[in-house]
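Mind looking over this structure? Questions follow.
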Amino acid sequence: MTNRNTRRAGRHFLQIPGPSNVPDSVLRAMAQPVIDHRGPDFPELTERILEKLNRVFDCSGPVFVYPASGTGGWECALLNCLSPGDRVLACETGHFATLWKNVAEKLGLEVQWLAGDWRHGIDPQRVEDSLRQDSDHSIKAVLAVHTETSTGVTSRIAEVRAAIDNAGHPALFMVDAVSSLACSEFSHDDWKVDVTVSASQKGLMLPPGLCFNAVSDRALESAAQAVSHHSYWRWDAMLENNQRGYFPYTPATNLLYGLDEALSLLLAEGMDNVFARHARLARATRSAVSAWGLENVCLDEREFCNSTTAVLVPDNCDADVLRKLILERFDMSLGTGLGRMKGRIFRIGHIGDFNELMLAGTLSGLEMGLELAGIPFSKGGINAALDCLAGD
Amino acid sequence: MTNRNTRRAGRHFLQIPGPSNVPDSVLRAMAQPVIDHRGPDFPELTERILEKLNRVFDCSGPVFVYPASGTGGWECALLNCLSPGDRVLACETGHFATLWKNVAEKLGLEVQWLAGDWRHGIDPQRVEDSLRQDSDHSIKAVLAVHTETSTGVTSRIAEVRAAIDNAGHPALFMVDAVSSLACSEFSHDDWKVDVTVSASQKGLMLPPGLCFNAVSDRALESAAQAVSHHSYWRWDAMLENNQRGYFPYTPATNLLYGLDEALSLLLAEGMDNVFARHARLARATRSAVSAWGLENVCLDEREFCNSTTAVLVPDNCDADVLRKLILERFDMSLGTGLGRMKGRIFRIGHIGDFNELMLAGTLSGLEMGLELAGIPFSKGGINAALDCLAGD
Amino acid sequence: MTNRNTRRAGRHFLQIPGPSNVPDSVLRAMAQPVIDHRGPDFPELTERILEKLNRVFDCSGPVFVYPASGTGGWECALLNCLSPGDRVLACETGHFATLWKNVAEKLGLEVQWLAGDWRHGIDPQRVEDSLRQDSDHSIKAVLAVHTETSTGVTSRIAEVRAAIDNAGHPALFMVDAVSSLACSEFSHDDWKVDVTVSASQKGLMLPPGLCFNAVSDRALESAAQAVSHHSYWRWDAMLENNQRGYFPYTPATNLLYGLDEALSLLLAEGMDNVFARHARLARATRSAVSAWGLENVCLDEREFCNSTTAVLVPDNCDADVLRKLILERFDMSLGTGLGRMKGRIFRIGHIGDFNELMLAGTLSGLEMGLELAGIPFSKGGINAALDCLAGD
Amino acid sequence: MTNRNTRRAGRHFLQIPGPSNVPDSVLRAMAQPVIDHRGPDFPELTERILEKLNRVFDCSGPVFVYPASGTGGWECALLNCLSPGDRVLACETGHFATLWKNVAEKLGLEVQWLAGDWRHGIDPQRVEDSLRQDSDHSIKAVLAVHTETSTGVTSRIAEVRAAIDNAGHPALFMVDAVSSLACSEFSHDDWKVDVTVSASQKGLMLPPGLCFNAVSDRALESAAQAVSHHSYWRWDAMLENNQRGYFPYTPATNLLYGLDEALSLLLAEGMDNVFARHARLARATRSAVSAWGLENVCLDEREFCNSTTAVLVPDNCDADVLRKLILERFDMSLGTGLGRMKGRIFRIGHIGDFNELMLAGTLSGLEMGLELAGIPFSKGGINAALDCLAGD
């Protein structure tokens, strides 16, 4: 084997399920000089961004942008709408659903936990049953993760919405769309989501540092009643300032520059084309996984995921050894198994600014890595993927 | 007057008291591709940054970096150390001290408000008196703004520290160094500050989007006892992850790239040189203000400010009319009067990546603007400033 | 004096008479990835650039863009139109006119040298006289520098054109507009220029690396006859390729990206506004020079220069000592005296992406530098300039 | 097939044989502000670059850097060393060798043309024979292209050198290393090359816009005697200025910034590692071509090329139809057939900042494209390449 040293030639393949590959033009947009966030030119930027966010979240109400990580978006949703002691129904789909539950508990909420096996999405029937049993409507909100990044399973949010309606339950519907927004079809308004939580570093093709809350009128009404102790995340101050084109405190101006550009790129491609592209690349990835004889974590094809494919390695194999080998040998980062999946899976991110040949490189790296790591598998995943991509 | 259209030639002069002028190399650093925040290369970045932050905050304990605005840093400090119902002593120095007090109240704290006239810094004696009166030590923390951005007054933090010591009071000492860090001398350890709150967009020469908490052992001990409901801001998770070179959730990677570069620039110049430069530019600015016959908001020369000079306009003049004229005519942004100062003052930011000739351009814009706005003043401020700069 | 070290804070003031200050957006445009210069998308870029160049040169014929320095543009013009042994009339206006003459001689041309004093532009009458004396039309071309960068003198090209016409002489008219294009009014077509030579790093607000030849039909006809030995500079290959949107060899793609952006910025401002801005800034600069009691190299006010002001220092003073002091103390680069002007003058560039407050900073640096260097002068140049700028 | 519109997601694959993929850090380096090319800081940049160029060209004499395309480098070499009417021996290896010959003829040189079949490199024996026949040493220079970009054939320059020596002929040895430098082993000094011509946009990983002449003492001596008419390309002025850290006219400063960074990257990787990487990627590419049952233009394995693989399509197929399909469908640019190869071949560039997974994406795009274009071939090239890369 050729000696290799620390300077790695060529592009790093960042195939974790987020942060995703960021377009060059977004990085360059972020390098623009800072402007006065209280000056007369700022509202034009704010308004341009908010108008485009409405199209991407498919909503007509406010979308709030915070200088924060995605986990801040969870906290923001809960603090604004709920008060300590309130009860929420949270659905276990994997590691991130669990983390959101943990946040809820830290905020003093009482969590009813709908346990799951990490290989399926949310069962709408179980949500409906749980809500029907809550005859006094003590449950104030249902928490659902759309795409569970840790497992590559995409829950059927429209059906969960229907379940809530069927139960005739007034709970708010809070959805984490961090890993699904701008990857899979998502409609805040049509699905009557009350708070959609998202973040910048996945389908939005930005570096991390911004989180979002898209909110319904019902959510705003709840916020007027809630009594949690908080200030930074307050929607009321955000709403009032946004309406004039400003923010209640200094916004992350340069990330907003990037957001402005990234949203323009998505809308220029067309959201339906964006979804179709991700679906196409995800399909090709699953073809490769099948051909390798490996198992997708996601067991229900209705819940296949456009943004991430999580793959089980055979028993007695360590997925992290494979990941390390691929990183060192082929300069590609893959996602690790989280929580109970530690060591058992690797996750392939195929989101963001990504295309067919980048995917082919990604799957090639995996095919070589699987062989070099001595993991039992059948060669030919790359061929299955190319057949899929060429035939699509 | 020559017709002017929307494309403004040349550099915008961003002379608000923050965000400040960002070095080109920091903007370019932020345009580097995102890397895996869970990968093996990330700890090197984290450790490099944390080591340099210790030198800039002049502290040996942890400095926590959050993807958030500076106001988030206030909330972070209060939530970690205190519990709802706790009492704090907060010192009114201006608009930002008031905002911090408001945050404390929203978090359920009981605020003892040491009123001020917005033209002086904190009176150490009054702090000592207040603490002495609190014989049962119900005050859990003293909140002090080092440089009050809204007035250009820099409180004598070392003397406030001495006042607390003189009173023999165990309250935590929380200092907002948002506008003073890397502008004026500041020592977290020597001044026995328990939590220093700061942000990226002032002396650190970065775009907004990061806030900081530098914390003492006593603050960490308090955090172990406090019972506020929060998750995003938790120091314990941050500390545990930082020690391994990581963050508890996705950090704002590209702002960290910028931070890494900005800290290197500051340390290459040398912190003492950085302070001396800011002092020199501030002195020249005050020379100009005096020569114009205008009044500095700051009345006590021991409290003159290295980062911002706030200037009163004569009665019957509207400072915002002046600011608007200067922006339109000379493409320079100045700070507006905040709160009770609205319309009565303009503020000159002379922070960040700034030098003599940039200041000369700034003061020239003001001298022309004052004349064009018809504000009564004496010409020659620019000459006084140049004399000062050439003689320094 | 405060200790200063190698890291200079704030912006460098690049006030040489070119390269000029480049807009950030031009630098960012240059950082776009390279594309296939033979691919189907390239012609769109080429055509966009060539269309805008026609507007900036004010011409309808071809403008050729070469990856080369401006001096290459001189050679390009001469090699294409002329043959070794041909005679040209060249007008001495300063250092660059002399260099162009030297190039002509190296190319085997016979130069008739119209000597000048370096403090005036070209005398149209002398051109007319010389041409009238050339009754057999042995002079094949007249070489004129529009703005002589070494002296800050702008010759009256329209009058030189009239002189040629008055003499009824068929010589080609070649004009160096390196330092005048996009600074002072210039019309290739109206002035019946046969070859306009220019470069990227002055009024066009780009880094150096591109030169231009705008050519007339007559110049193209001459090129078809000329027999010089050359290949790189050939207009015929350039013309043929340009017409299809390509270049005969690999173009400097990333400089073309920058050119595309810079031309858009100029045209967005409006060429008349661009000229007016440069005129306004030049006027203010001359006010300062007068107030200092120093002498402008340019003696004829009809020849005052929009892009550069060259200033004589008193006898016994060394302009280079002043320049060095200003660079070290205030981080500003000024132009040196060239050729016979060495040590006797400094040159202030006020071109490119430049505005009022940048000029105020520039003149402030000079006023402080003159004093610190002990050069006899009267203070108050900055005030005269501000009066001029505020009154304009 | 999914509808696709004009915004292409993900990275363009620029797999032409130059310009090559440019590292992000090189693009960012080029976005630094321009500095004074006559100022005291410039020599540091010049010297840093020249020192590194010596290591990359493996020479101890001067390397001259011109703001120009690579074709300018040909002209530069010929004009400096030769005089019109001089005789040169030029070796036909393909399109670029032919173009260089054309340049020589335009410069008035008499070319003895050693015809070739475009599928082999230079035959050293024929060079030796030709020189032996030139008993009066009328041949002043031998012109050889090291890697012929149009065919992907790398001539054995060391053996050509030996042939010249064997013939005992004093002709200068001029080598075009445009497509070989920093791709294949090259030693200006060891191979006693008199002028090495190269350019920025291939192995040096820069955008186009710079060309190079590395010169021997003998070449410098010839230059002192030659009488061609030229000025821009003069080595004497370049040498004299370089020795003081400057350039005789305004250099392309921002391309020099990029060069400085690119050279550092190459040397950090280590030239031997750079060559080994290119060899590895080229080998894998040839494996794919063989597996596809397609024919490499290069017929002699001693002349296999590290930077480009040119592939014949079967008779009755049009390589340009394939290239167009691949560009439209998979956003990858491949090299076209030039001159007599038009339509018969496509060329795969695997140079510059390039690695295994980028190559896998490239070959995947080809494998899909060949199928979609209906070109008779055997699938499995990608597998052969991965076997090669994984086994290497």
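Here the chain labels run A, B, C and D in written order, and each chain numbers its own residues starting at 1.
Here is the rule we use: a contact is a pair of C-beta atoms (placed from the backbone, for glycine too) under 8 Å apart; a residue touches a chain by one contact, two chains touch by 3 or more.
Note that the structure is a prediction, hence the values are computed from the model and not measured.
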| item | value |
| --- | --- |
| Subunit D and subunit B - chains in contact with each | A, C |
| Which of C-D and B-C has more C-beta contact pairs | C-D |
| Intercentroid distance (Cα basis), subunit C paired with subunit A, Å | 54 |
| Whole-Å gap between the CA centroids of subunit B and subunit C | 45 |
| Distance between chain centroids, defined by C-alpha means - subunit C, subunit D (Å) | 34 |
| Residues of subunit C touching at least two other chains | 21, 24, 28, 31-33 |
| Residue numbers on subunit D that touch subunit B, as the complex places them | 24-25, 28, 31-33 |
| Sites on subunit D touched by subunit C in the complex | 12, 14, 16, 18-22, 27-28, 30-40, 66-72, 75, 84, 102-103, 106-108, 199, 201, 207-209, 228-232, 234, 249-255, 324, 327, 333, 336 |
| Contacting residues of subunit C [partner subunit B, same complex] | 1-11, 13, 21, 24, 31, 265, 268-270, 273-274, 276-277, 280, 330-332, 353-362, 364-365, 367-368, 371-372, 379-380, 382-383, 386, 389-390, 392 |
